[in-house]
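Submitted below is the structure of interest, expressed as structure tokens.
For clarity, chains are labelled A, B, C and D in written order, and residue numbers in each chain start from 1.
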Amino acid sequence: MKTVDLNSDLGESFGAWQMGNDAAMIEVATSVNVACGFHGGDYDTMRKTVELAKARGVSVGAHPGYRDIHGFGRRPFYGMNPSEIENLVAYQIGALQAIAALVGYKVTHVKAHGALSNVACEEESTARAIASAIKAVDPNLVFVVLANSKMVQAGEAANLPMVHEIFADRAYEDNGNLVSRKKPGAVLRDPKQIAERVVRMVGDGAVVSVTGKVIKMRTDTICIHGDTPGAVEIARGVRKALRDAGIEVAPFRKAS
Amino acid sequence: MKTVDLNSDLGESFGAWQMGNDAAMIEVATSVNVACGFHGGDYDTMRKTVELAKARGVSVGAHPGYRDIHGFGRRPFYGMNPSEIENLVAYQIGALQAIAALVGYKVTHVKAHGALSNVACEEESTARAIASAIKAVDPNLVFVVLANSKMVQAGEAANLPMVHEIFADRAYEDNGNLVSRKKPGAVLRDPKQIAERVVRMVGDGAVVSVTGKVIKMRTDTICIHGDTPGAVEIARGVRKALRDAGIEVAPFRKAS
Amino acid sequence: MKTVDLNSDLGESFGAWQMGNDAAMIEVATSVNVACGFHGGDYDTMRKTVELAKARGVSVGAHPGYRDIHGFGRRPFYGMNPSEIENLVAYQIGALQAIAALVGYKVTHVKAHGALSNVACEEESTARAIASAIKAVDPNLVFVVLANSKMVQAGEAANLPMVHEIFADRAYEDNGNLVSRKKPGAVLRDPKQIAERVVRMVGDGAVVSVTGKVIKMRTDTICIHGDTPGAVEIARGVRKALRDAGIEVAPFRKAS
Amino acid sequence: MKTVDLNSDLGESFGAWQMGNDAAMIEVATSVNVACGFHGGDYDTMRKTVELAKARGVSVGAHPGYRDIHGFGRRPFYGMNPSEIENLVAYQIGALQAIAALVGYKVTHVKAHGALSNVACEEESTARAIASAIKAVDPNLVFVVLANSKMVQAGEAANLPMVHEIFADRAYEDNGNLVSRKKPGAVLRDPKQIAERVVRMVGDGAVVSVTGKVIKMRTDTICIHGDTPGAVEIARGVRKALRDAGIEVAPFRKAS
């Protein structure tokens, strides 16, 4: 029986500001990535999010981003050297581990956020610095990597446990890269189409590109979003379709 | 043979701004308390400071403060509840632990900074929240408490390893409290007087108050400052005087 | 014909985070107080808010708060001296004036936010520092003061134009102070009761306290909130009831 | 008689952290550029700096930077659109104007800081956004532009008063650009050589490039640094050499 994980970015509220629909997404996801205070989240939100995840038995990972709360970690900081990236990432993982300790829970994985992830997909030194930080903090932490990105090699070089991630609602180019958000059709909107597509991705271990090409792609976890009411519906549809197709939905690493 | 530790607050530089004289103080101190990015310090400074400490064999502790970089953690946040204090403190300890992991070193202790320490000295709920955070993150971490403060009971209640701290250069009231900085004579300036006084404190296990009263006081670690060139001289004088008096100067907890 | 202003705090979104219902409140309010980036808001939100206000012909004021984005300016900074308060307030007023200049609009007034307002209501030195900052930046700016607070004397001493503010949905003590939010009945919830009460406040120039005592109170502007859907309904009800009672609803100072 | 201005970046201290040698530089410079709290400085430092400048009769300008206190405004934010740049710059100018009003002084000019300046030198849309912000806030403010950069055209298009700036201690390429700091010889160190070179630049209206080519360059103001003791000496040497050569050293715009 095939198994796949559904991961979602949670804990992105900040101080007095709410973001996302954590209560709904925790019902659908099997793993959540928790913002660590640099692009979103704060120590109180982190605790609340880990408590929520523990109550639901959902695995918790760190979701480190650039230090840019005003820009929500979506602006690249090209000038950072690998040592600074290591420090940036390690700091955030450790912070979440300690918050999880308050709750009596464990961090299982790490997934880079926003612009840090984008840069790491293309720039090997950044990808390696992230892997290096994870390894130093705890070599058993799972590195969530975007399929076909520089992060894959970086994780392999560091000998880290890895899971490959695809996006439920994004179109792919023939070379396996995501279609840029600036192009039409980059983001899929139809819940039924998305659900069918995800089932095929997991069942076949392949993605169909925009031109119809079938690209082999390892799929351990599927990123689902909850930013809009429609997104929650899509996520629920994906989960239901996977189950209906006999695919088990479960975390890639069970929290202990 | 009596033993005492000399602790110093380090790693308070921030981004492009330098603070303190870490290179000089690391030669005198046996334990250092590292700012964790909330009132001073940042992830790069933290790493540099832990590297420095490791190279010198000096023990490293977390020095958590309020989230107030602009005010250097010196302004009290009275409105914070115990749960928020726990989160605040745990976050910072975990962040430093992860940075230390990058360096291959261990965090041995925790000492609250500035206004957080002042509030915890007087407000039991804050002192207990700090102790609770330490215990959750790692019950083997040593809690550095100001002698005669609410932190002592909080540490005892949490059953944490504790060391009692006194100040080399501060005058004490008859009740064992520090003389307020607003009163004349609160801060001692004469290196010779300070050195003699410290030797007596450690040798006798007692402090002489401003009125001449001898107050029993456990003295495990002495806080030394390095903010001014004169302060470094005082610190060196204290270290030398202790050795000359046959008192061993060593960390209260050796880093492994 | 009697006239009263309805003022509302707007522009409290921050970066990627939304807050409040600015589009709805701009339809009800005649003056808006714009967060200036210290407790909420940012330079982009400020511009958008001023553009919205200009399009609706609603007056725009600065809403300066403590430098505490994480705590939304709701935590008091007791340690700040009057000179620091002056700088804090002047900085924020000037920032909004320049943003308004980009839009081709003018700032007409200043109202302190959250904990800064609370402290200024009770501590004369803080109230005077706010008044002093306003006067230095532009002595024609209207100082919005809470009726019966220390801000009234501070504004008079500085010879600033002033408007007295009351709250539509808050209960008052016999001495004219607001009933503490910690006490039951501090906040009124019934739209009809609130609307009737406001009409009476403006018509009679008096508030009825929790014990039924009639307290004379100058009422130039009424603070309305829009944080919840219910709050918007209350605000609309207040506006309608005032009009029905023949009271003109208009800004205390028309933007030019 | 020829005249030239000496400008220096001041007020870069932040909270508890000191930076630079403002007291020494204010004796040498005729115009100072004040950090506005985004990359350095804060409202208290701004006031202190304006007070210092007023006492010495030195002109004061805004020195806006990217919102990046941790990176001291030295990291480019490529993702910002022109409208955001306008808001960023206007906010900071207005903030300084209001602080100057507290002191009874006037802001005379605007000079972009660090990475914002670098990006504006090469990217016309950023340069135009800066000019547009200045013009909206006050069209009489002088725009300090790097000679031969995109800022020149942007200032001309906005019809702003402009002064052209050169660097005392930087080498120039044949095309009039600064030699990159990554290349050897980019920064000159010899006080005597620098002083002679500056006199020639102002006297001849030309710079000699690294290959010996004479490049015509308008020189209204010379940027002098004070970050190191050596830098202060260089700045003093430049001032003395200019006077000895009969060139008047005076602000390009006298503060009123």
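Simple rule for what comes next: a contact is a pair of C-beta atoms (placed from the backbone, for glycine too) under 8 Å apart; a residue touches a chain by one contact, two chains touch by 3 or more.
Being a predicted model, the structure only gives us computed values, none of them experimental.
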C-D against B-C, pair bridged by the larger set of C-beta contacts: C-D
Intercentroid distance (Cα basis), chain C paired with chain B, Å: 44
Centroid spacing, where centroids are CA-atom means, of chain C and chain D in whole angstrom: 39
Two or more partner chains touched - positions in chain C: 70-71, 74
Chain contact graph, described as a line, ring, star, complete graph or other shape: complete
Chain B-touching residues of chain A, taken from the complex the two chains share: 37, 43-44, 46-47, 83-84, 86-88, 90-99, 101-102, 104, 133, 136-138
Of chain B, residues touching chain D in the complex: 13-19, 40, 42, 69-72, 74
List of chain C residues in touch with chain B within their complex: 67, 70-71, 74-80
